[in-house]
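Chain IDs A, B and C follow the sequence of writing; residue 1 opens each chain.
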Amino acid sequence: MLILAMRVQHEKIDIRTNGKGTYEITDEVQNKIDKSGVRSGMVTVFVQHTSCSLTMMENAAPAARGDVERFFEKLVPENADYEHDDEGPDDMPSHIRMVLTRTSETVPIVDGKMQLGTWQGIFLFEHRRAPHPRKILVTIIGE
Amino acid sequence: MLILAMRVQHEKIDIRTNGKGTYEITDEVQNKIDKSGVRSGMVTVFVQHTSCSLTMMENAAPAARGDVERFFEKLVPENADYEHDDEGPDDMPSHIRMVLTRTSETVPIVDGKMQLGTWQGIFLFEHRRAPHPRKILVTIIGE
Amino acid sequence: MLILAMRVQHEKIDIRTNGKGTYEITDEVQNKIDKSGVRSGMVTVFVQHTSCSLTMMENAAPAARGDVERFFEKLVPENADYEHDDEGPDDMPSHIRMVLTRTSETVPIVDGKMQLGTWQGIFLFEHRRAPHPRKILVTIIGE
């Protein structure tokens, strides 16, 4: 008789950012998958905030990450006459940069490993100037 | 003997927009999860159109939503000499704004509730001027 | 006694691009779902690269696709004084265009078919000038 072992497991990653920038979380996510014992399935990484976001990124060249960060500074500038500015000049741009990037990333799991390409890493993209504690959920579905 | 109750369930949300703007659907999605009885899993919200999109957004400050909408009006203007203009000046910008945002959003479910952060809401982002009926699918996977 | 048949299946799509542009992969993804036998569930399409991306797109009007491509050429220009330029002028813009679009797309499956809207197609968005072999993973979860 066949009993399938499909299951779902939730894990948390808490990180403290040091202000604007990209923070790689690939290893932390893989560690949660290792711990879950899931060999084949899918992982969804979800960030519970509206002033930071997630993105895949080239993870070998720090210069590439700097270029991405500078691009967003220019595309969504701090001084652009926003109506919503209660929390300072970096607040509204942070919401827009979040909308332009991603709140969740989903990656296939095969043989217990995320199937990232050679240069792919998962990053938290902090859009606020000040350090912030950030909560990330990792949901693993598989067998 | 362990029999796992992992299952998948599909629901529909139909909404009629009143033209350009952001429309919160968080409660409608949670209602579908309540109805499904799924306690632990994941929900994917998917919009079946190419001239509107989905996004997470700051759901407390209406001014913030207005700023996001104005940003996209400026970033992807109506008068930009598009080749594809059969359906009016707001048509091609709507396809580009869709590409820059999201067609689906995925959120973890724990204890029967979407694990949104304090300020996170799920929004339909209507990019056309005229009112449109919009179809959204809600797929719930879990146990 | 109820034995649920929820399962996960992984498939691969390899395509060779002819340089910059959008390449529809909707039929290839549906073929993998047909082969899997899954009738109800969800498919996640994932691209294993950081210099190309995925997007949903209007699939009827080629002019619309051309407009999207021209928009990104202008929004993320090749000559913008990037720090990371080891691989040529089209390399850094390709990473930024990837961040602005999507690495994965998730679509509900009902009655064995992806529930795309009338005009929705799934496209690989190649951001490099030169032809490239590109690896796409298709993960199907369902019953």
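Here is the rule we use: contacts are C-beta pairs under 8 Å (C-beta built on N, C-alpha and C of every residue); 3 or more make two chains touch, one makes a residue touch a chain.
The structure presented is a predicted model; accordingly, all values stated were derived computationally and were not measured.
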If each protein chain is taken as a node and each touching pair as an edge, is the resulting graph a line, ring, star, complete or other?
complete
I want to confirm something about chain B and chain C. Since they are copies of the same sequence, is their interface symmetric in residue numbering (over half shared, so same) or not (under half, so different)?
different
The distance between the C-alpha centres of chain B and chain C, rounded to whole Å, is 19
Quick one: which residues in chain A touch 2 or more of the other chains?
3-4, 6, 75, 100, 102, 106, 141
If you look only at chain A, which of its residues touch chain C in the complex?
1-4, 6, 40-42, 55-58, 61, 63-64, 66-68, 71, 75, 100-102, 105-108, 110, 115-120, 141-143
Within their complex, state which residues of chain A touch chain B.
3-8, 10, 44, 46-51, 75-76, 80, 82-84, 86, 92, 95-96, 98-100, 102-104, 106, 135, 137, 139, 141
